[in-house]
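So that you can tell them apart, the chains are marked A, B, C, D, E and F in the order they are listed, and the count of residues begins at 1 in each.
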Amino acid sequence: MTDGARGSEAAPELSRTELEDLYAEYAEYLDEGPLERWPTLFAEQAVYRIVTRENFERDLPLAMILCEGRSSIEDRVYAIANTAFTLPRRTRHLISGIRANRDPSEATVDWMVTANFAVFETLEERHTECHATGRYQDRLTRSAKGKLLFLSKLAICDSALVPNSLVTPL
Amino acid sequence: MTDGARGSEAAPELSRTELEDLYAEYAEYLDEGPLERWPTLFAEQAVYRIVTRENFERDLPLAMILCEGRSSIEDRVYAIANTAFTLPRRTRHLISGIRANRDPSEATVDWMVTANFAVFETLEERHTECHATGRYQDRLTRSAKGKLLFLSKLAICDSALVPNSLVTPL
Amino acid sequence: MTDGARGSEAAPELSRTELEDLYAEYAEYLDEGPLERWPTLFAEQAVYRIVTRENFERDLPLAMILCEGRSSIEDRVYAIANTAFTLPRRTRHLISGIRANRDPSEATVDWMVTANFAVFETLEERHTECHATGRYQDRLTRSAKGKLLFLSKLAICDSALVPNSLVTPL
Amino acid sequence: MSCPSLREKTGVSEAEWTDVSSLWQSSGTHRVPYRVYTDAGLYARELERIFHGPGWSYVGLEAEIPEPGDFKLTRVGKISVIVVRGRAGAVAVLQNQCAHRGLEVCRHAFGNTRSFQCPYHQWNYALDGRLLAVPFAKGIAGSGGMPDDFDAKAHSLTPLRVATRNGVIFAGFDNGGMAGEPLESYLGEKMLRWFDRVFDGRALRVLGVSRQRVPANWKLMFENIKDPYHASLLHVFLVTFGLFRADNPSRTEMDETGRHSVLTSCRGGARAANDATAQMSSFREDLVLKDPKLLDIVKEFDGPETVVMQTIWPNLIVQQQANTLATRQLIPRGVASFDLVWTFFGYASDDEPMRARRLRHANFMGPAGLVSIDDSEVMDIAQRGIEADPSGAAVLEMGGRGVEDQDHIVTESAIRAFYGYYRRVMEL
Amino acid sequence: MSCPSLREKTGVSEAEWTDVSSLWQSSGTHRVPYRVYTDAGLYARELERIFHGPGWSYVGLEAEIPEPGDFKLTRVGKISVIVVRGRAGAVAVLQNQCAHRGLEVCRHAFGNTRSFQCPYHQWNYALDGRLLAVPFAKGIAGSGGMPDDFDAKAHSLTPLRVATRNGVIFAGFDNGGMAGEPLESYLGEKMLRWFDRVFDGRALRVLGVSRQRVPANWKLMFENIKDPYHASLLHVFLVTFGLFRADNPSRTEMDETGRHSVLTSCRGGARAANDATAQMSSFREDLVLKDPKLLDIVKEFDGPETVVMQTIWPNLIVQQQANTLATRQLIPRGVASFDLVWTFFGYASDDEPMRARRLRHANFMGPAGLVSIDDSEVMDIAQRGIEADPSGAAVLEMGGRGVEDQDHIVTESAIRAFYGYYRRVMEL
Amino acid sequence: MSCPSLREKTGVSEAEWTDVSSLWQSSGTHRVPYRVYTDAGLYARELERIFHGPGWSYVGLEAEIPEPGDFKLTRVGKISVIVVRGRAGAVAVLQNQCAHRGLEVCRHAFGNTRSFQCPYHQWNYALDGRLLAVPFAKGIAGSGGMPDDFDAKAHSLTPLRVATRNGVIFAGFDNGGMAGEPLESYLGEKMLRWFDRVFDGRALRVLGVSRQRVPANWKLMFENIKDPYHASLLHVFLVTFGLFRADNPSRTEMDETGRHSVLTSCRGGARAANDATAQMSSFREDLVLKDPKLLDIVKEFDGPETVVMQTIWPNLIVQQQANTLATRQLIPRGVASFDLVWTFFGYASDDEPMRARRLRHANFMGPAGLVSIDDSEVMDIAQRGIEADPSGAAVLEMGGRGVEDQDHIVTESAIRAFYGYYRRVMEL
């Protein structure tokens, strides 16, 4: 009995729990905080983007959030927490169908990972609502110390229409 | 340390990742397409049905979708894509609580699998909404080549009331 | 290749599937019934609580449901089924991001587990709606016979505002 | 009010009350002003005059409640009613509103009971609606209780008038003491012939229920079924497999009031392309099913007709297409929404292959139907298109401007006839 | 407008404005026309005359905002207000609407602040509502700024009148300069006695807040609490464990206007079946709790009463049942919705076992309460049952047709008294 | 009607129709009655007179539909329209409503087509809206079909009048045959200067579209952009990084009607604290970006202005901030909701670094914009604050009570000018 990611011969070093835990931490830092821990899941040169399916399918490059590098991700976190005016809100990320494939284009130890997400949002005096659903298309790598990190993360929103504001990253 | 499905002695050959991946692919082919890949997850004699909890509990046989065999599943896919008039829409399947049990009634290598699902739908100019939630009651088998396939799949919808149309399978 | 929970050296005996199955059973007994099986997932001295994020963050002890011990959990189940008047409804639990950590404060074989949940509810003549989202903060232990059980379970609701009634536990 | 949800804020209903006297600009019904699909005031009048009015509404099949005490919940217009079989076997239809303080006394879609008990104070009603018991009506230890002149007989669950024909149950409210027209004359001879074709007295077997909430005005559903013209164009599946085609022999018939109608068609043999199919971009000569079982159709009724769709004012469609039989009940849910409740059935005498066939053919119909999905999608964008600008009017001139029966499908005659009756009832 | 969502399309609100002069067909209040639960026009009048009118509305407990600068948000009717403790310790209640362009200046349910600053242009308000600062009021480098005659004093956060009694905070709007009746006379002597039973001057300790949005008209909540009749029937849990039973000594008392009332009951010892229980299908002699701690109740108030439920017009219920104490505040959210906000509390002097007991007994109440869940579920189907057909009227004849105090539970007297006052205020 | 969802029950819209003659208590526009943001009747009048009226509405950029047959869907007011490039290259704007029975004939946000075909009966329309084909118009085998006098020319997709300027497309409805004012005189010379600054005739390249549904009245969006006062206070990000500051040279200009306006500002060099920043609690001297690329701004337009925000009545904002360029289109979605559609663009001649820079600067704007998110959040609580109590009025006295151009940011002059025109058009 085995528990390998697909093509387990080629990538024997990615365990199911390690993969699940990365996404669990990702959701935890966004939903529970502290938000400042969220950038620690990204590699230094990581690119993080949120796009709509509409732009994605029309090959238009616009992103709702575009961070080029972990520094830029940290700036976004700082801005959300310190410069932006936002109403009290809480998000909840549900992520399922996490599936890893060894990246065939890379000699390094990288994986392509896809997953489905649903993000719920709760505002004061209002019921919890579905804020966005969509698809992650990610690339993972390992730090020198062996920590699993996002080398890139792309969140593709199903809806072209945001319910007012997109404050917390998807 | 082990990662067996329940009763791991009896079914040592089903890994956690293989099980998760099957459902991840199932969701992917429905949500991301191409829809034509979706029938490839079913065995040739597979029965696929979507029923409401209401009919299910009253022992009424009516299905909203009834496919008897992979050919029939392929016909459904063809009809959705080619003969049906449907509005532009996008679905998102979240599946959790996937649990496999060795099928006690079979000598062959079969598993009974249950899971919970929530399917979201997004239409043009509208926000993403929860379209259906429910329960999968599935049976898995292996093809001669060892590929994990649905021998039968039953989706039981919690709501008796469909929000307009049920276009994409659950 | 390994499939250990985090810190697998310290807690080699918790497999991924065993962890997933516990939460799958938890959801199944609540959503599919029989509800009477739900208390069997708790240790005898287990504490079960549902609180709102609002009270939790203000350090207020009020719980919407407070069960001190499995007997008390069984009383709750009995009351829902036998003494309470409730409208026909069906719930669906989606749980993701299940993450286990060895409990550092305990010499016994205990784990701290966190996860995100979304619970949907369907009433007669109405569409399925998101009823609650939130966070589980649980502690697991093993019975003498080795069965994995909840030693405590805390469900923290994101919304302070319940859509009418909270009938089925979260 | 501070809105509880982002979504709701957008839902401001722009009730556009119309000056009804000037609504219909022309005589006849070859134009239908779009306001009839969007105006909240007209909708209120429809509920009053049409759904809660003197006619007969379909409420179910006797086969759904075969045993004494069996009941189902449904609605006549917006009013919740219980359809229940009494101890002696007779069917009653009761308003589902407690005579005490208005609760829905019954909350289950289907069930079996000895009596209906309101949860609030346990007032108990017989299966015919009579108030049987009021707890503590005589007080406790001499204190309290109902007044001596309290007359239990005046506080029953309001019964509706009921009529059944060959296993189909209709009900209606009493309006000013009028008992209502007898069901048979209400349906009329012409319609009875077709009604009795499917409901011929054989025992029915219910296969299941499907429900969908369509985001459109209820009349769009009736128009759809009364419109043979669309079927040959919209429904690629039907056309391609010859289940319905413009060049098949077809008829549209109305009762003398125009409120009911029937559409029949006779499937031909060949799937060949011809003059008519040349006009149909819907026709796909090349399409072949991998699993031909779906088209394994057995002739089961006399006469050449292979499709019969009957619409009965104000809330019933009777469907026979291939070997799938169903009633479709309309429940209005506001000016821009209705529930469509499909009850699929066969006959108790069906053998297993026929039962399996009916279930297989049910793939054509319902919320996921290979055919009917086209209609629910179309109704959605019909309502949206109309709401965006309800100042115009639909143009119903296919097959002329009259309301006569027709022996072809290139006509909107049945829709015009429907609106002729509608104008009279609504006084528009 | 093209509707953004399938769901919303069904939400067309059928505002059925009623001719109020003919609404109430009879004198007295043994009939309550269902339109009072469904009519948007009457609801607008309720907001104006009842919630935003001259009375006193509950807004919170002093223990919720113990320190200077502590604040909470709530609503009086549909108007958002800040309840805040000033530097000097006095409580103010301020309308949460910026004097500049109307924003909610405060967005947090609870907190502590030195001042309220509107995010839009940073106008800054003191804890008593005075406008302290307008950025750039004098312009920049001699350009712009507010006119010379701009009077900051005329642009404060509107303060409400405030009254407190033993730690409970009430507020009200000034209507035409009227200061409002003093709180004590507003409550009246009879009610004060019961009010002071729980709020006896001891320091309170808040245990937590629960909130539920009930899909029903707000008056159904008051009726429910003023209705001892239902408690002995609906609440199987209460009845079975003797927490409330028809054969327990009970009283219903009203103030002289009929707007407030109190329901008291005295738990007996034995759980035995008897004459009264024979009439209760709710009674389950066999039911035993596996964990009896839930029924470990300690007597803590003088007098024999074990349950006291007080309703104070227009938005407060004070609950004492077993050892669970709570205020329940009603916030109307439209004609068919209200928020019920429960503030559970004990006394600062409670020892740990009592605190634990109160938290345990809180299982009876709130959105998941073993008792109160029956009520929220019942209100849902009350509203649905009434909306389906609002042409009728509730029948309130239990215990006669009068509005007197009663010493038993078999009565709807307090509801009739409530509607008596309602008719006068609403001029119906 | 029995509500289908708990949520909807709370959505009862309290349409508070106002006596318009007494709405505006004062002359001038230094007060704006809150009812203009909440009243359903006024909203209906706005749709009729403003959005569906004689002016010019923005509908898109030519670069969005570069090729013949390219189309996009959008809305003018609440009316769905197709913006399409014809075979010969000319742009047409067509009402998206089938001339037969009102369906939306086009369902895709963007696409390319040879003609528009309605799914229901396959009526086929040319790219200029002409009805090309009606299937079975001549019947089948001599039966049915359209009447002989059916005039296809009278049943086209209604075309709107269209005007373009330097790649920007405007459209409007014909009102009583009036062709509408020419676009250039509609914009006016003063506004054209700024309009042509960005739209200077260079080919545009679309970078992408963002859409957000804001739970607020549409006018709050225009107020926001016409309000330089808030920018220096609310937008900490802007202020801190010197992208917009109260002490930067700034101007507000209006066209002669007051309906359009432009706000310009010139970024200074130093980020130092000074007199003005002392008044800004928004200023954070210590804040430094870890990734300074975001502030790598290249000067690309003549003149000292670094920010130019132009508002064009009734539905367009043209944004230039740093190197991010966008049109923002307003689509009203009810009295308390509007869609904001952002089309980000650059020039076809941009080199790759500039393209990358524009995409990077797009982080400032849109639904997740580091700057604009402040505005969408503020509009939410503006609407909520106002709805809670719409009896008051906004106070617009910053920079006096007049409507003149201003050369500083401490003014609400442009908002007052906007409402001056609004009062005239709305006859309030």
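Convention: contacts are C-beta pairs under 8 Å (C-beta built on N, C-alpha and C of every residue); 3 or more make two chains touch, one makes a residue touch a chain.
Here the structure is a predicted model, which means the values were calculated and not measured.
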*Contact-graph separation of subunit D and subunit F, given in steps at minimum*: 1
*If we define chain centres by averaging CA atoms, which chain lands farthest from subunit F? Would you check?*
C
_Could you classify the subunit B-subunit C contact as same or different, where same means more than half of all interface residue numbers appear on both copies?_
different
*Could you tell me which chain lies farthest from subunit E when each chain's centre is the average position of its Cα atoms?*
B
_Interchain centroid distance [CA atoms averaged], subunit B/subunit F, Å_ = 44
*At what distance in angstrom does the C-alpha mean of subunit E lie from that of subunit C?*
32
*asked:* So the centre of each chain is just the mean of its C-alpha atoms; given that, what is the distance between subunit A and subunit D in Å?
replied: 48
*Return the residues of subunit D touching two or more other chains; collapse runs of consecutive numbers into ranges.*
1-2, 4-8, 10-15, 75, 78, 80, 107, 109, 119, 213, 215, 234, 333-334, 337, 374, 377-378, 380-381, 384, 388
*asked:* Among all residues of subunit C, which ones touch two or more of the remaining chains?
replied: 2-4, 8, 16, 85, 87, 94, 96, 118, 124-127, 129-130, 160-161, 163-164
*In their complex, what parts of subunit A are in touch with subunit E?*
85, 87-88, 124, 127, 161
*Where on subunit C is subunit B touching in the complex?*
2-4, 8, 12-17, 20-21, 23-25, 27-28, 31-32, 90, 92-96, 118, 120, 122, 124-130
*asked:* List the residues on subunit E that touch subunit A in their complex, please.
replied: 4, 73, 107-109, 119, 213
*Over in the complex, which subunit A residues touch subunit B? Could you list them?*
1-6, 8, 16, 53, 94, 96-99, 114-116, 118, 130, 132-135, 158-161, 163
*State the interface residues of subunit D toward subunit E in the complex, per the touch definition above.*
1-2, 4, 7-8, 10-15, 40, 43-44, 75, 78-80, 95-105, 107, 117, 119-122, 135-136, 139-141, 143-147, 150, 155, 213, 215-216, 333-337, 380, 383-384, 387-388
